[in-house]
Amino acid sequence: MKHIEDVLQKFKDGNLDIDQVVKEIKSLPYKDLGFARVDHHRALRQGLPEAVFCPGKEKEEIVGIIKELKNKNHIVIATRAEQEVADYVLENLPGSIYHKKAGIISYGEFPEPVKTNYVLVISAGTADLPVAEEAIITLKAAGIKTETMFDCGVAGSHRIMGEFETISSASAIIAVAGMEGALASFVGGMASCPVIAVPTSVGYGASFGGVAALLGMLNSCASNVSVVNINNGFSAACIAAMIVKQAKA
Amino acid sequence: MKHIEDVLQKFKDGNLDIDQVVKEIKSLPYKDLGFARVDHHRALRQGLPEAVFCPGKEKEEIVGIIKELKNKNHIVIATRAEQEVADYVLENLPGSIYHKKAGIISYGEFPEPVKTNYVLVISAGTADLPVAEEAIITLKAAGIKTETMFDCGVAGSHRIMGEFETISSASAIIAVAGMEGALASFVGGMASCPVIAVPTSVGYGASFGGVAALLGMLNSCASNVSVVNINNGFSAACIAAMIVKQAKA
Amino acid sequence: MKHIEDVLQKFKDGNLDIDQVVKEIKSLPYKDLGFARVDHHRALRQGLPEAVFCPGKEKEEIVGIIKELKNKNHIVIATRAEQEVADYVLENLPGSIYHKKAGIISYGEFPEPVKTNYVLVISAGTADLPVAEEAIITLKAAGIKTETMFDCGVAGSHRIMGEFETISSASAIIAVAGMEGALASFVGGMASCPVIAVPTSVGYGASFGGVAALLGMLNSCASNVSVVNINNGFSAACIAAMIVKQAKA
Amino acid sequence: MKHIEDVLQKFKDGNLDIDQVVKEIKSLPYKDLGFARVDHHRALRQGLPEAVFCPGKEKEEIVGIIKELKNKNHIVIATRAEQEVADYVLENLPGSIYHKKAGIISYGEFPEPVKTNYVLVISAGTADLPVAEEAIITLKAAGIKTETMFDCGVAGSHRIMGEFETISSASAIIAVAGMEGALASFVGGMASCPVIAVPTSVGYGASFGGVAALLGMLNSCASNVSVVNINNGFSAACIAAMIVKQAKA
Amino acid sequence: MKHIEDVLQKFKDGNLDIDQVVKEIKSLPYKDLGFARVDHHRALRQGLPEAVFCPGKEKEEIVGIIKELKNKNHIVIATRAEQEVADYVLENLPGSIYHKKAGIISYGEFPEPVKTNYVLVISAGTADLPVAEEAIITLKAAGIKTETMFDCGVAGSHRIMGEFETISSASAIIAVAGMEGALASFVGGMASCPVIAVPTSVGYGASFGGVAALLGMLNSCASNVSVVNINNGFSAACIAAMIVKQAKA
Amino acid sequence: MKHIEDVLQKFKDGNLDIDQVVKEIKSLPYKDLGFARVDHHRALRQGLPEAVFCPGKEKEEIVGIIKELKNKNHIVIATRAEQEVADYVLENLPGSIYHKKAGIISYGEFPEPVKTNYVLVISAGTADLPVAEEAIITLKAAGIKTETMFDCGVAGSHRIMGEFETISSASAIIAVAGMEGALASFVGGMASCPVIAVPTSVGYGASFGGVAALLGMLNSCASNVSVVNINNGFSAACIAAMIVKQAKA
Amino acid sequence: MKHIEDVLQKFKDGNLDIDQVVKEIKSLPYKDLGFARVDHHRALRQGLPEAVFCPGKEKEEIVGIIKELKNKNHIVIATRAEQEVADYVLENLPGSIYHKKAGIISYGEFPEPVKTNYVLVISAGTADLPVAEEAIITLKAAGIKTETMFDCGVAGSHRIMGEFETISSASAIIAVAGMEGALASFVGGMASCPVIAVPTSVGYGASFGGVAALLGMLNSCASNVSVVNINNGFSAACIAAMIVKQAKA
Amino acid sequence: MKHIEDVLQKFKDGNLDIDQVVKEIKSLPYKDLGFARVDHHRALRQGLPEAVFCPGKEKEEIVGIIKELKNKNHIVIATRAEQEVADYVLENLPGSIYHKKAGIISYGEFPEPVKTNYVLVISAGTADLPVAEEAIITLKAAGIKTETMFDCGVAGSHRIMGEFETISSASAIIAVAGMEGALASFVGGMASCPVIAVPTSVGYGASFGGVAALLGMLNSCASNVSVVNINNGFSAACIAAMIVKQAKA
């Protein structure tokens, strides 16, 4: 804001007339009016951990970005990290940890959850676990308490109903399922909170890489289900975290 | 078979030699060897009622076909009959009945079910009822006992679980659902018999006229679910009837 | 729970032995163990208004359901009500109101919002308004405070940025847009709360009835965007309401 | 059920009043009321062999699950097993057999078919054989008699018609075909029993990985055809087995 | 060609030098060099009747074009003519005939077929008849002899096989079918000539307006099947006519 | 900018200190910094006529917007106007004109083209004319000279080649075609300028409402072809106008 | 036919009565009535070379089938043969030739074309050549004369028009093109014979593996274009060969 | 044109009569009338660099074509060149350069931009860079000045708005984006020139390899956006270059 102050001073001193000041102001809105702050502080403001999406980035690049982000954050995570990327990062960033199942590298200390509210992460089959784990580690990095229920296919629905309490007391639920994705509707009917459904690419043939689950979830007969992209455990976690952050403890 | 007998008689009488007979036989396999019977008797042999699919047929034509089929059958049904068609048929075929919800016209007496085995027809929402009814009337015409469970959305799954006995004792189950079509998987996991899933065109937006339900059912995590075309309650009933027909009473 | 108490009493009185009691208990879990309450109380428990989805229901049926639900609720709404349905309902339910743009009939008094937290409903074009209104009336019926921003196409993005404060202070945002659906991503980047994106069927040609917007929203580069079915303003409102309900005032 | 008996005893002894017992009962329905049994016994009750779906599971995990299931079953099968998985399992489970074409590992003795009813497995081309074999081995493990007809493309339909007897006497037919998938309709017209159609991913270009066959089968003009997912020979076998199990010998 | 002759004459007379003539020639290739003839004579040269595609044209316009084309042709047909269009045309073009089932108006005399070669038009169901008729009338207008086989669904395949001779002696076959479109493959295997498959929009649900039939036909296991657009009986007839035209009588 | 000037004056007068001014400036960037002008002046600045997209707007609303826009513009157009809308507007806006084929209402005087550069609008079939006309009227309203070539199907390609000069001298070409949309590629190869391809919904069956044309155009082997939405003649005209506006006369 | 003669003889001899003979005849239609001949002789009768489709067959199997077919044919071809398959076959079938570009192995002598009629194979880009070659070698094996035109993209249409004679004199044309597939329409308009269009998978992005070309060809504005599956040069050649075979020399 | 002159001379000399000349002229239009020139000079005339599309061409072939084109051009580029191809070309064409990120090999000197008009290439994410670079190098080879803005995701829209001047002063803008592709609409609203949108295959799940971005761009609410194929940076550059070439300096 240095520049504006100079301009204003010159104006007060009579070295600029009012038209010149107005023109000056008009010319800089996006650059100098502090808007950049919005961006720099977005992660912080949203209560989410800073995250690097690895695909399409060079290993060196990833290390560089993590380091830079770490300067202003307690913890940084890098998502969709393949083993090879992880090997490189762990070697070059001592102290970083590879959460293999989740495909996430974390760098820095996981914060303690400060609230008792929790996000329930529930998944349908073993093959859906990596997506569920992506959500769980992201939530952990955001300082959110999680409960988990795995292997909850709809064809064995009694198992899910047995956990009625855990479901009905959650602040937000992340339902991870491939194939027909019916888990979201099923859990949605039992829950009192938003259910963020994550379709996975688990399945074959007419699952079309997760499209069947995606469509099933979008057409849920439960009115508290919204959906994110196929396999996008990260966004589901961000949304759930935002819900918990503003909830009463 | 008249013709063959004539040929054979001529052969015995010496009016035809063996080569002529063989040639004669070769030339007629499909026309005269009784194959037509296969067709004429198909409905009977398969234990299914004779049925007329109305769309694309003239009203007069429908009445004509029903009359003809009635000659050799106790009951004939006409499916997908709109009100206008029904009005015409009922006027011209005294004694015929219009099952409005099912869109079926029946002509003749419904047979008494002879077995205690039953087909359970279970549907998800009110809007799925016409498809369920198409299946029910078809089964009734086939002399099959039915049990029904309506309004069984997966988001209210406890209602379904309360009917565990009815589900687990069925000989075949027809699960009718639109939207996400999760009902089939859910019931499939509780059943001990084949579940024939009928996706319906109920829904909007990303239901794509029943495609979401169709895909969900095809990707069922329950291994006893097979699927028929969208809204095809008739075929589902035919298949279920065939299962019951050969089951132990 | 009457029945269980009887059983237990008989057991204490020695008229039933322990095996008989256990068997009795096993046979009733879904029917009598109070589970029906879950269903009856779902709307209440979830903090959402009772709602009737009109399509596929008869006019008389709709009136009947509204009346019944009104017994236990302060307000009942009926969504996707066409003018003809509304005319009938208003005539038969004196005091009911038709919110034409939203396609919603309300019956009963809208509760006063008790919190200062609000849901921002932002929509892209004039044609998206009905969907936005469906969300707004639903939220109102749920006792949730709303702010609105209409006509916020991404091609005129400066208008949206001018409302930075309203966006960044919301507890939840419902972004309603057809065509390319870019609004969700754009707003997502500015918000600190979950954005529930509602694709609409507004558009033509390659919009494929809302599929373009739906895909755009699912692929949002903003990590706080989740999506509901095309035109599903109702579910978006339910989810947003659930977020506000558990938020600090 | 141990726990309930304790509770009841305490109640009888006067250590718990009736309200405490009711509360206790309400709190455990899914966990302790024997529902788990439903799950544990599902395979048995449905008359199907216990099966492990290999994709997405670690080799060690697969061996572990097979061993565990073997404790309560005469035979266990593991489907979609690649050669590498099979090598590991066979080494670690002496006595297990790899049915290479079917991609199935079996562990335990195949039961003798007890009925004369049979399932006919008919496939269109050589490339469809693995899917047909998956069905055949699964049926064998379920103790079901099978007949087979391979290489029955519709363009050489006379070959199929020559086996009219085998087709018309089956209790259930599994029709396996890729490309245009016409085999199901063709056989459906000749059969007196349900035809479970299995589209395969055999084909190229506009076969779209089995979608052409899938659509063809769903639109079958024969009313006794239902469909399972692309390449899903296993589910087809389960359904067929369930039909035979309840049929008169 | 009037203009060129003038130019050449001027050249011969010495009023134009050789460069001017060459320039002149270069400047007119498409307009005046008789190329228009290619277009004007295309129908004739290809041995096909002149045809007007009605949709999107005004009634008056259609009458005008028919009249103009009639000047140089013995017969003109107008395809996809709705009843309303036909009424107008018949009133304004005395002598024209409306072939209602085919949706074709013919104006002029149908030529006598000069060859014994014939095109077999075979269709699957009653609802496919209009498309078959479009092909038949077009062939008739092209002076091609036709044989017809209607109601030849693949589920009643014996009826088709009974006409082996008619199939195997055709010069070209037009196979018209909706639903799963299996007829093309089936007939293709029996024929010795090209089969032009016409998928129809007959069907519902997963027939997707003819897409299922289209894909089935494109994936035919018979190597003599090619496909035209859904419901395009006209093009099929044109192709078949071109085959017969160049065939030995 | 009134407000800023006041603030600055107060600052100069000593009634506000520098921090207060800076804060004031930060708080208004989008509202008062003249950004609104961007929007208001967009049409003008882009050299395009102000346009109202009619679908989804009330008749009264349309009249209102046209009137308002007319205040600052010489000409205003309303696109996609049905006859009924046009009737109302013409009655309420004396002097407005309905270009029926184009579906456009114009209000105000069409400007004289000031440049000799022209846009060539070329279309394939009669049914594509409305889309071509939408482009033509829009261009006319933008003061751009147009040349037109109608009925230029690729199957009669010699007609197009005969107009080589008109094609190769254009500043921009709008190629309008349905069905297979090949016109764009064909013309693209002959042109020296950008070709804006407009797929139309003309066609049936596998044209899928313009998708076939759209895909064909996107896959053009000519490297100067870009594509707009199906039937979007308006955007094509805007783009072409922008090219001509900045071209040398 | 041995069996029938025996039966007839027994009948004549009085050892079988007429009913027994008729029953006997009914039981054997498909097996013994010479129908197998249809199949054995199909390739011959259709005037096409025997062909083996390699994908999904073992190398040894391919060699075996080629050998067997060679017994009754002058030439056998194996299509879609990868280099590895070819290496094995050439080693084990001395005298066989690998046409690498076409992916075809031929075994036996190519027949001399006996007719002057020819098939024109025209392709769009270099990448389409393998498909064109598959058609060419197949035609050569069928004894059909071919003409070829390569690299005929529609964006360079004058090159194609320069070969007007070759196009207009062909008996059949095979048009091979990927991307937008416009070649078929373009050539269709110039030809007097059927054009068999072969879409190829050449392209990227929105070509969707050949779907764009496929749709373009199905929607051709030329009425003499039919289409085969993506990359299916073989079927196109079979159809073209059948046309030439019955054409006047 | 040699031949025509001879003909004309013979005509003048009386050795040919006027009919013979006309016939002669008619027979040669495409071959000899100089049309081939159109092709040879297309690149030049269009102001675009000659370019070779590498996929599907042999390495030797690519070198050959580049050499040949270089004879008549200052610079030749080869697009979509993989590292392996580049290695071979660079070795065999000393002086050629591999622009790795862009996947382009250039051979010859890049021309100096002669105009101050520029094309702005703006891209959304790091993974979109290769496509942006393809456009940039192509523009450079065409002698067009470029400005670039990378990493401009819509979720961080203030960054883009800060470059309002660069956007609003461009002659043409190439907007490169994957995922939801919203960048095109956003920039379109700020620009005064045509925006050529290039969807990229960047994304996963429901991005369907770039389809989501493609649809988003086609449905842009900004009327100055047109679209090219997924990842087609080359065509976008050609179109942008054509716009600049004819613009006032």
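Observations
In this document, chain identifiers A, B, C, D, E, F, G and H correspond to the written order of the chains, with residue numbering beginning at 1 in each.
Keep in mind that, in the parts below, a contact is a pair of C-beta atoms (placed from the backbone, for glycine too) under 8 Å apart; a residue touches a chain by one contact, two chains touch by 3 or more.
Keep in mind it's a predicted model, so treat the numbers as computed, not measured.
Shared contact partners of chain E and chain G are B, D, F, H.
Residue-number overlap of contact pairs with F-G passes half for only one option from A-B, E-G or A-D: A-B. Of all residue numbers that take part in the contact between chain C and chain F, under half occur on both sides, making this a different-residue interface.
Chain C and chain D have Cα centroids separated by 40 Å.
With each centre defined as the average position of its C-alpha atoms, the distance from chain B to chain H rounds to 59 Å.
Chain contacts: chain A has residues 29, 35, 38, 42, 125, 156, 158, 161, 189-190, 205-207, 211, 214, 218-220, 229 touching two or more partner chains. Two chains count as a pair here when they touch; such pairs are A-B, A-C, A-D, A-F, A-H, B-C, B-D, B-E, B-G, C-D, C-F, C-H, D-E, D-G, E-F, E-G, E-H, F-G, F-H, G-H.
Chain F makes touch with chain G in their complex at residues 124-125, 153-158, 161, 179-182, 185-186, 188-190, 203, 205-208, 211-213, 215-222.
Residues 29-31, 35-36, 38-39, 55-57, 61, 199, 201, 209-211, 214, 229-232 of chain E are the ones touching chain F in the complex.
Put simply, chain H touches chain E in their complex at residues 1, 4-5, 8-9, 11-12, 18, 21-22, 25-26, 29, 33-34.
Residues 125-127, 156, 158-159, 161-164, 202, 204-207 of chain E are the ones that touch chain B when the two sit in their complex. Per the touch definition, chain A reaches chain C in the complex via residues 38, 42, 45-48, 51, 117, 168, 171, 189-194, 196, 214, 218-220, 223-229, 234-236, 238-239, 242-243, 246-248.
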